[in-house]
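Before any comments, here is the structure.
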């Protein structure tokens, strides 16, 4: 034991790194073992995301297939499980085109940034007790900061492609990302207020009652917002296959396209992990000291299924409607949630500022009532708001409600 | 400081997933808003009318399959009606009923395609489309029983249909008709009142009735604008005068109404098929016409049907030879596109795709 | 409530998750084809063909090429032409079945398969030798005499030329080709395995191949 | 009121009153109209309350080697009748006919199609360009002499 991580090192709180560092330190010089420890962490991280993306791609395609009453990929391996690998191999051997007139640097950099953000996000998610790769004390802030990077990457991809569809996609994507950042941040504030910490590990421990119950409104807004940030139906305007063909990544091919897809699907996995951690109490569960990772996986699966299910069912909204949805529906809801949570915490907390489980249950009841009132209320308010002004509904309530015998009369 | 903007011209199509074939629109956008539209046709022009002048009257039936290739039976029907007008003959009753059954099944199939792709254009991940295809597949199986082919059927002949339905067709048709309401109601539950669909389509790209009529728009698009006009009612052909059905009409003429009218027509078509199955009686299915037909010279005919897309008509002129002297095809898809500019200008890119889907064109018929 | 229809939609998709897929995994599974299916690999019976070239004349695309020479057979053995070439250009064929409809002697039938895809255009035609040698699984398309026996080209054995004609069948006395079947032949339940060769023992005793 | 076909004679009678010199001849099916008068005739056919042909079904053209027929199929929804109007153009070169675009917008694409495939120009059409074929295509394919 000749190498010991200093107490003030930012990664001291990460047991995995410390363990690898000390183990490697037995044989190697300290600087090298520090490097190796970092490398091992990154290796795990990158592969977790990419493997997660691969598994998610397969799951989504199979599930969407079944939701659509067909089979989905079933050729490669048992149940078509090797399909993502086959796709990857295909993408690797395909020619890597850079269109003439493209801004080469931005064009190449965009997919890399996209993958990076997806991977980085997972770094702060605790897999089990004390097993976060990097237990940052500003974990929530870090998540927000990293997700915002995606908008830069989308803009780079769309702009550098020198394609008008890509430009449409990029403009839409950035608009959506920036708009949805606001309600998402406000939701997270509610979570942080209750948990009393920005560290995701602390957020998990604070969930004696899962936050999905304590703050259903926040959960709803967060899932909707994340779904928009991930470009998933019904907010997938940036790609909008039927309109923009592929949106901002229309010109990408080969492994660059593969990276974008990996980032996209890896993003869903990491976002599901973040949602599971923030609202579904992460690794907590029965016997969580031993199978905490399993609980997390199950919860990720549930959230991912929700994403897939919604994607398979809904049509897409128009860009102005998506904006209206963010600013006129999700924003007020997240404000209401923030206000409610703040007031509740203010009145319920004890002298040290901590909340007991009973307090959480009281909050649950109040917030469920708030949820039940707010959603229908704002739902009926949004009804006409999402429609542009010149498109007020016509006098008739249901269009074409008359089925008339046609003798050929002009109505 | 005002931001300087400039319009941007984009070619939508001919290679675009949502132009329903090789249709091309040259669109000038201001941001996402459409300023100018110029439709460009002809990428699928095969000269069907010229080809028809080189083939004898029966052979032309195979060409009509390929016009609107999702509603071949109805194309066959329009053409055969025109030839029968030329020859002044009428098919036997059983033939008429079989034609009506085939045409109405085809209408269900074509409308399902139209609805499915319309919803696909709205951005669903193919789920309603797959459900539509599930039902359509059964119709194609029925067609295979009738005539041995699924898409390019060539089932109808001048003077009837080429063969009676096989024995196993009737139970299969019965099963299909029993299953159909359930499948349609599932589709309706899935999407008909979906709020996102409502928000996306209601009030979008409205077509006023006077403009629709003046622009020769026909079919579901015309009925969505508020005119209860259906050639099956106005000028009944085949067995349509012996069955009862309603003509669904909507008032607003927007994208939702066009979609809604098609949904309702599915039920009406099923109703027609049911009545035909009840009424059909044994008998010959085809007139004893020679293989090579020679109508009297100088005769002309305008055979018209209510096809899935609108009024489909064949204007035939005979010079007494074995092939039509002139075979003009009045294709509803092309003529419904007369209003493209009116429907699209001022709306957004996303609406444009949906509007095209709601007008439900088929390039095989537009370009011919 | 607003949003209820979306929930309903979600329930519909969820319901479908539990259903069996309706698609067919093609090379392993197949849709059952109807005996009337108009397939490739035309079935041609040289014994029945007189070389009249009606099929070639009636083909809308003109892809059937027939070359004949007068045969030396005596009139009483059935006057016919000797066929030298009978090529069907498959790459342009659209399987409309008009050639089968035109054949007056039931010599040409649609086939039952659909897997004649080739990698080059050169092989995309059926020659007379192929037609002679191929297994005869005629489609019942436009051949009511076959259909009434319940023959299924996808399941039953290949048919001999004597078994496919309309001679043994009395329908044509009452109604003409292409019309509704007035009555089928007197074959017990019409299993094709029990199909008796026409002419040898005609069930209704009214005719035979030589009549 | 059943849907009925107006005979050419009936149409000719009405037209002869309203638009003098417009009718060339008429038979049981259709009426031949003086080509130069077709736009005015169309206006009358649409606006006359008795005829009320508000719907233009189709514009077709037939090549008769020494002449061309342009056929207008019309329908009235209110009056429940249909009618056929024809205009005969003689010769083969530089044929033209007044456009009915201003009367029926539905003529837009159909007149372009007739020009493209039959080579009959419609004067007054705002966008008389080829539709199925590309600009610069030689000849008009549906003519009988185009092989």
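Labels A, B, C and D are assigned to the chains in the order they are written; within every chain, residues are numbered from 1.
As a working rule, a contact is a pair of C-beta atoms (placed from the backbone, for glycine too) under 8 Å apart; a residue touches a chain by one contact, two chains touch by 3 or more.
Only a predicted model underlies this, so the values are computations on that prediction, with no experimental measurement involved.
Relative to chain B, the most remote chain by averaged C-alpha coordinates is A. Think of the whole protein's Cα atoms as having one middle point; the chain whose own Cα middle lies nearest to it is B.
Put simply, the C-alpha centre of chain B and that of chain D have 25 angstrom between them. Rounded to a whole number, the gap between the C-alpha centres of chain B and chain C is 30 angstrom.
Averaging Cα coordinates per chain places chain A and chain B 43 Å apart. One simple way to say how far apart two chains are is to compare their mean CA positions; for chain C and chain D this gives 47 Å. In chain A, the positions touching at least two other chains are 67-70, 312-314, 408, 410.
Across the assembly, chain B contributes 127, 131, 134, 190-191, 194, 196, 227, 229, 234 as residues in contact with two or more other chains. Each of residues 3, 77, 80 in chain D touches at least two other chains.
Within the complex formed with chain A, the residues of chain B that make contact are 8, 10, 16-18, 32, 119-127, 130-131, 134, 190-191, 194, 196-197, 199-200, 202-204, 209, 224, 226-230, 233-234, 246-252, 254, 256-257, 260-261, 264, 348-351, 353. By the touch rule above, chain A contacts chain C in their complex via residues 63, 65-71, 74, 309-310, 312-314, 375-376, 379-380, 382-383. Here chain C touches chain B in the complex through residues 2-3, 5-6, 8-9, 11-13, 15-16, 22, 31, 33-38, 58, 60, 94-98, 101-102, 110, 139, 141-142, 144, 147, 175-176, 178-181, going by the rule given at the top. Residue ranges of chain B in contact with chain D, taken from their complex: 41-42, 45, 47, 49-50, 211, 213-217, 227, 229, 234-235, 300, 302, 304, 311, 313, 315, 317, 325-326, 328, 330, 334-335, 337-339, 367-368.
For chain C in complex with chain A, the residues that touch the partner chain are 1-3, 6, 9-10, 12-14, 16-17, 19, 21-23, 25.
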